[in-house]
Every structure is written in C-alpha cells, then in structure tokens.
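Two complexes are shown next, each including chain A; its partner changes from chain B in the first to chain C in the second.
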Partner chain A sequence: MTACLLAIVILAACSTQAAQPVPLKSGVEFASADVRSLQQDDFANPGMLWVTRGAKLWLEPAGSDGKACGTCHGDANRSMKGVASRYPRIDSVSTGLINLEGRIQQCRERRQHAPLMAYESDELLALTAYVASQSRGIPVNVEIDGFHRAHFERGRAMYYQRVGQMNLACTNCHDANWSKKLGAETVSQGHGNAYPIYRLEWQAAGSLQRRFRSCLSGVRAEMFPYGAAEYLDLELYLAWRGQGLAIETPGVRR
Partner chain B sequence: MYPGNGKLSHVTTDFTCRIRMLVLVAGIAVLSPRADAQSAAVTFRIEAGEIRTPLAADAGDATRGRAAAAARDGGNCQLCHALPDMQAVFAGTLAPPLHGVGARLTEGQLRLRVVDSSVVNRDTIMPAYYRVDGLRQVAAAFREKPILSAQQVEDVVAYLKTLR
Partner chain C sequence: MSLARIQVPPSAKRGEVIEVRIAIQHAMEAGFRYDNNGRTIPKNVINTLVARYNGTEVFRAELGSGISANPYLQFFMTAEASGDIEFSWVDDAGERGSERAAIVVVG
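Entry: the complex of A and B
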C-alpha cells in the first residue's frame, strides 16, 4: 500500500506534461498596447483590408454556373454567423477533416465549379477572414467525437511531440512557458481564435497554418505543405484547447 | 524522451559517449550502436555530472565564445537567458539569467550543460548544442549537424567561465 502510494507520488513527480493554461487568454492579451489597439479598431486594423476584399469576393460570380457565394448563402452577416466557431470539422460527404479554408474550397469545387484558390493566396485568405469575422465574439466550440476523434488524438500527439534541431514541442512554449519572453517576444498560450491574422512582420495576412510554419521553422523542424493532414489535426486539437475563447478574426500580431 | 525515471546524473558516470550515444533503458545505461560518418562525432565522457575533457584540441576562446553564444545562427542563448554583458531588451525569460554562472558551476559542468542539458534535467527545454541523434523531424538544412561545433562548444564554455 505504502509502496503503491510512493510509486504514484514518484510517477506524478516525473510527469513531463505541463498543465493546459488556466485561465484561457487570447493571444491579443500578450500583445503590446499599440498592436492591441490596432486589432481593436476596425478602421486601423490592416486585416480589415482582407475582410473587405472577402466581402467583394462573396458577391462575385465564379465558375461555369456564374454563381457567387452569396447566390446560395445570401447575407453572410446572417448565414455565416457562428460557422467559424465549429471548424475544423468532419465533412459529411468525404468524412475527412476540413478547416474553414477547406470548406470554402469545397464550395468552389462542388457548387461553383470554379478553379480552386491556392492555399495562402490573398483570395482564399480574404474569403476566410470575411467568413470568420462573421463569428466575432462567438466562442470556439468544436466537436471531437466520432470521426473527429482520431484526428483530435493525432493533433494532440503532435502538440506534445518534441521536434527539430532545438528539440521542442508546442507544449514546451505554450503550456509551460506562456507569458514569459522568448527573445523579445512574449509567448502566448498559442490559440488560433484570431486567425487569419495580419502580422506586422509579414506585412500581410496569414493563416493559422502559416503561424504553425513559423513556430516549426523557429525550432528548425521540417515543415508540412499547406493543407497537410498533420496541420488540420493540429488545428482541431488547438481549437479544442482554446474552446470557449471568442473568435477575434482578423487579429493583429507583431 | 528517456524511458527511465528520474535524473540521469546518478547513473551516467564513466560511460564513453559519442554525440548522444547514451540511451537509458529502465535505469541501465547502454551504448547505442549508432555510428554516423557525417557528423564529426567527438568522443566525450561524462563523469560525476561533468565533461572534464575538452571536445576540441584548441583551447576555448572567450571572445569567440561570446560571439557564438549571441549569434542567431549560433547559440542564440539570449532567446531564453539574460546574459550580463548583452542587451537586456532582447533577452528571454524562459531560463535563469546566466549572471555568475562561471562561479557557480565548474568548467566540466558548464560543458555538459552546453553539450546536452537533458542529461542533467530530463525535461529541460534547453536544446542540446552538441548532439545529433534522438531528434525528430529536423529541417533538412540542420540534419545530422550539432547546433555548435566542438570548437564552438569550447569557446562558449570559455566565455561562460568569464561570467563570475
């Protein structure tokens, strides 16, 4: 009995996993005051350029049938409200996991019969930012059961896997060391609730997967191509981990 | 990363290691058969929590070591540590400041921490600067290369010794 307790104590002491962040804090809370005020003012937020462009694209006919997104979905302010909070999710047709970008691409392909937009192209970022911005203030709320489960588990494993020449995992920075400084940058809890964001360093908007690539290249790890299954799984895990945070698209970061 | 429990420092005495040849299975240290022709693997020995013998023939140079510690493509130590003679605004706070570390630790202890801090603390976030195996998904440009060369490790250690 005593030995058993002792073993439990030892195991607990040797546990390598840092707890998930409490309380949950959006990335903007770790940004400097000027970056924060850029995000919070729609007239100053450079990400709004992509949102505005997305609003135009929403109404632009594309593909052989000459249909626009708005032809089927009408007023995005109403029809797209809350949608981004449920992604990534399983697509009922293919039973594969898709993120918001993937959902938009599917409509292009299946409904508009229009050519796909390249991942990370301004068009796709604009439409994604426009659709996601309709959910501002709505809490992230993804499913992780059923067909989601295996993706969720793989995403979680990836989050805890040390990689790269610097041998670090997402958890080492975003669970164990958030609020501390890595060089001149304050490490946040690593949530995806404000994406696509406008990043001053990029001088452009970028997707959550672009941010993954920044973190991976920072630890000198191999990157996956945009849209890779690994990134989708990681997006799902990250969304679950940030469940309850309000969507803030378009975020602004340094 | 290590299947064994607890700190390694008690059991890693007197084993001859090449770059990370130490594998711990259930508390027994064994030498892994991995031999790598590409990495100019220098043999080193961990005794009582130290690497006592320098990795390179030339003595470490503190001035070069300071530059190697600061360089973004070198040690980039300020990502996590504050260093007494470098600008504090760029210094991270993920790790303790290195003020006085040259007085706190012996040369052999410093060398071990730069070579592979995970020998001291299994869960450390400090990268192993002189190790190529046991890593996953390393970007092609950095594969099979330690972050610092053997000579750079000696230079950085010489620099750390000046932080008293």
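Entry: the complex of A and C
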C-alpha cells in the first residue's frame, strides 16, 4: 500500500489511467524554426513526396482482380477523412489490434488479393502517409474500451517500464523531461500524431515504429521487429495519451 | 520509378518574375555508406538537372554527393508565353526522369 502510494507520487502509475502531459504539445512545437517551416510548407516538406506517391498508388490496380484502392474507396479526400484519427483499433473480424499500416495491408490482402507490402517499404509508407494526411487537422480519438482495454494496459505498462542498459522508460524522457535538451535534440512529449514523418537524419520517410526503434536503441534496449504486438500496444497507449492533438501527417523532424 | 513534384504559378502576367520549385524523390546515395554485408553502396546521385521553358533551356544544375536525399531546388524566371516548363534529370546509374508543368501567361 505504502509502496503504491509512493508510486502514485512518483509515477502516477497506480491510477487506472495515467496522465496526459499538460499542456498537450505536438512534437513540431519542439522543433527548430527551420524544421517547423519545412513541415508547414506543403511543397518543400519532403514528406509530401511520399504523399504524392501514395496518391498515385491509390489509383494503381493491383492483385488478381485488377482493383485499385480508389476502385472501392473512391476519392480518398472524402472516404479516408478522419480514418487515421481512430487508429490503432480492434479489427472486427480478427478482434486483434491493428494500426493504419495493418489496416491498409488487410485491404491489400483481403480485398485486392495482392501481395503484402513490406513494413517500412516506400510503398506502404506512401499509402499510409497519403491516407493519414486526409485527416490533417482532425484530433486523435482512439477507443480504449472493450477488446482495446488489454492492449491499452499492456501499452501503458510498457511506457512506464524501464528498459535497456540505460534503464530508462519512455516516461523518464517524454513526461519528466520534455522541453529539455538531450544532446542536440529537444525532448518532446513523444506523440505519434505527425507520423509517418520525414526525418532529416534518416533522409527518408519513416513510420512511428521506426521512431520507437530509435528510442529503444537509444537506451540500448531490445528492439522488436516491425509490426510486433508490443509496438501496436504502445501505439494505442500513445494515441490515447495524445488524444485531442490534431493529425499533422506528414511531419518533419530533424 | 522516379517521382517529382513541380510548383509553378498556374498563371502569370507577361514579364512577371515567377518562382519555380521542384522536389525529386531520390536517395542521392553519396557512396560513403555500407550495406548490411559491409559492402560499399555505390555512389548514385542525380548528377544533372535541366529545366526547359517551351523548349529553351532556362536552368541547369550539376549536383554532387554533398546534396541531401530528395533534393529540392528553386529558381526564378521571367514568364514570357503560355506553355510548358519541363524538367529532366539523370542519375549516375543512367536512370532518367522528367516531369512537366503548364503555365498560362496573360497580357
């Protein structure tokens, strides 16, 4: 009991729902002025190259029936508006948790009967960025009840779990130290609302899971493979933690 | 597949100075990196980029390994007549790309 009270004080982890950072700030607010203006300029933002490629892929027939995404979904500006703000979510067929990438792959497999795209391939990043960019300005709003609950709890546990040779948890940086410097970086609150992003260090676009891998390798912890259940749970917890932030895909980061 | 985005104002007055921007999706591999097996990834950058305005060359750039991936360039030119601005480029592997944008010039 005393231990738990102590933990409440230190981590606020004994309450049923851990806290959102106050005030809630998108990662772009911690970026330097040049990175911010790159994100805000829809032409110069290099992530828009992936969005443009996604728009082309949207119309490209694939698979045995020769159907494109657009054959069924029509104009993405309308049909995909707001979709990204609800992911990750439970897939009603499998009752498993899927993120936006997973949802796109499902249509690829079940509806197009086309081969899956590799996680982190330019094709999947492009389609994900294109679909997510249709929700720009719409606040993140995920469900955490029902089948979502167990995933949410696991994601939260992972968020507070110290890992790696440096023995640090996500919360140690993204709650306790946001706005402070870590080397050349300003630590943000660690939200996923701008993903996929274009990262200058990567010289390419990358998914939220690629960012998780950077943070895990930063504290010298085990990295899970792309698409791992651990990452999906963490994505759900982070989305809830950033609930209300507007989608900004494609973000730009240094 | 080489992919590029071009931005020109859709219309301009004759004699007006307009801004032309292009972004190309290309890894601009500098030749200093290694793959997972320790082999050097060969240098492969877009080495030449040319813009033609209604067939006449108006801009040329020679790029090297110091240019970041997904290069973005912009320049200014004078709008003279309606027509096309066409970009074409080639990388060290010999792969060519091109993209065009239309402009309407009034007055």
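As a working rule, the second predicted complex is superposed on the first by the 234 of 254 C-alpha atoms of A that agree within 3 Å, B and C clash if a C-alpha of one lies under 4 Å from a C-alpha of the other, contacts with A are read in each partner's own complex, and residues count from 1 in each chain.
We adopt the following convention: a contact is a pair of C-beta atoms (placed from the backbone, for glycine too) under 8 Å apart; a residue touches a chain by one contact, two chains touch by 3 or more.
Predicted model only: the values in this text are computed from it and were never measured.
In the overlay built on the shared chain, the residue A:Ala184 is in contact with chain B alone; chain C does not reach it. A simple residue count on chain A separates chain B from chain C, and the partner touching more is B. Looking at the shared chain after the overlay, A:Ser94 reaches neither chain B nor chain C. In the superposition on chain A, A:Gln203 makes contact with chain C only, while chain B stays out of contact range. Shared-chain residue A:Ala176: touches chain B; no touch with chain C.
Of the two partner chains, chain C is the only one that A:Arg53 touches; chain B does not reach it. Applying the stated contact rule after C-alpha superposition, one finds that A:Arg220 touches chain B and leaves chain C untouched. Residue ranges of chain A in contact with chain B, taken from their complex: 10, 14, 16, 161-168, 172-173, 176-177, 180-184, 187, 217, 220-223.
Against chain A, in their complex, chain C makes its touches with residues 3, 5, 7, 21, 23-25, 27-28, 68-70, 72. Chain contact summary for the complex, chain B toward chain A: residues 1, 5-6, 76, 78-80, 89-94, 122-123, 125, 127-128, 134-142, 145, 147. By the touch rule above, chain A contacts chain C in their complex via residues 43-44, 46, 48-50, 52-53, 56, 198, 200, 203-204.
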